[in-house]
Amino acid sequence: MPIVNITMIEGRTEEQKRQLVKKVTDAIVETCEAPPEAVTITILDIPKTNVANAGILRSDAGRK
Amino acid sequence: MPIVNITMIEGRTEEQKRQLVKKVTDAIVETCEAPPEAVTITILDIPKTNVANAGILRSDAGRK
Amino acid sequence: MPIVNITMIEGRTEEQKRQLVKKVTDAIVETCEAPPEAVTITILDIPKTNVANAGILRSDAGRK
Amino acid sequence: MPIVNITMIEGRTEEQKRQLVKKVTDAIVETCEAPPEAVTITILDIPKTNVANAGILRSDAGRK
Amino acid sequence: MPIVNITMIEGRTEEQKRQLVKKVTDAIVETCEAPPEAVTITILDIPKTNVANAGILRSDAGRK
Amino acid sequence: MPIVNITMIEGRTEEQKRQLVKKVTDAIVETCEAPPEAVTITILDIPKTNVANAGILRSDAGRK
């Protein structure tokens, strides 16, 4: 512990994920007194057809 | 908030998801006094080989 | 399946939850061709000190 | 209920999953007084580029 | 990895949880070639007012 | 989106959580080109009796 699940729209590069997990782990270590090896992060990439806000699919957002 | 995660067997169409997120958002707005734009929904489609009930994979259900 | 996890700020009444699960189940049955008894819903109530948007705890939102 | 979500690195075979859900269901039935048909299990397979420990992606682990 | 999240109705004893995590870990080690120390399990206890099946709260189930 | 769920052992202070969500949001904004207001974070505090590693409850860890 801590376990961090990050759900985001698919499309980030492996390099972005590399930086993301590094910085998120640092943030947790700095603020929660957890050693780095205690922090597990999973990333769930989901398509725009599987995310909605205000009742509208992200894949439909911006369409008239 | 609220955040709604819906996990279901893969196979629903984009149109079904369009209707699903619309109606689920309406249900939350009507009952929980949350504005539509506060409601985020994610859908996780998973294969029948990754779901089980009573110890049996859905992909095996119905096989003798 | 489907399984629905709803995470929201604590404070809704049991009656609101009664209506919420009824309407969300109806929404799923109508749009996803799932029988009502296949739909499982869990509700996670969390305090304002455990939710953040734009880097600010909900419990701090609105404070100058 | 109970609902069990298992997140693991992608690559297990269907047969491994068949055995996994059987044994995990047995474990829950034996210890938690839940009937088998009450136990739902979902498995989320994720790539090594989407998992990190100690700030390092699993896909980078072992690289100099 | 693997990470196992178990959501269940509140009320199990610490001893039941002790047995549960032991047997679930064994099940994963036996079937998925994961060492025991790689397996993390979290248990989420939720009240009957926060669980529903077929649109009915568990706390209402059995009431006429 | 992105949505971040952080599960950790209960006991962190509100001030630690204030710093945690600020730094985790910054980490995501810097690496994933997401505006701060798009980032939602939830924190789930769980007791040591509800977490296990290597088949042992955290509340039992260190006991002979």
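Points worth noting:
So that you can tell them apart, the chains are marked A, B, C, D, E and F in the order they are listed, and the count of residues begins at 1 in each.
Just so we're on the same page, a contact is a pair of C-beta atoms (placed from the backbone, for glycine too) under 8 Å apart; a residue touches a chain by one contact, two chains touch by 3 or more.
As the structure is a computational prediction, the values presented were derived from the model and not from experiment.
Between the contact lists of chain A and chain F, the overlap consists of B, E.
Just to note, of A-E and A-B, the chains joined by more C-beta pairs in contact are A-B. The distance from the centre of chain D to the centre of chain F, with each centre set as the mean of the Cα atoms, comes to 20 Å.
Annotation: 25 Å between the Cα-based centres of chain B and chain F.
Shared contact sites, meaning residues of chain C that touch two or more other chains, fall at 1, 3, 7, 24, 26, 40, 42, 44, 51. Taken together, the touching pairs give a contact graph of some other shape, not a line, ring, star or complete one. Contacting chain pairs (ordered by label): A-B, A-D, A-E, A-F, B-C, B-D, B-F, C-D, C-E, C-F, D-E, E-F. Those residues of chain D whose C-beta lies close enough to touch chain A in the complex are 7, 44, 46, 49-57, 59-60.
Only residues 1-9, 12, 16, 19-20, 23-24, 26-28, 30-34, 51, 58 of chain C touch chain B when the two sit together in their complex. Chain contact summary for the complex, chain B toward chain F: residues 1, 3, 40, 42. Residues of chain A touching chain D in their complex: 14, 17-18, 21-22, 24-26, 36-37, 39-45.
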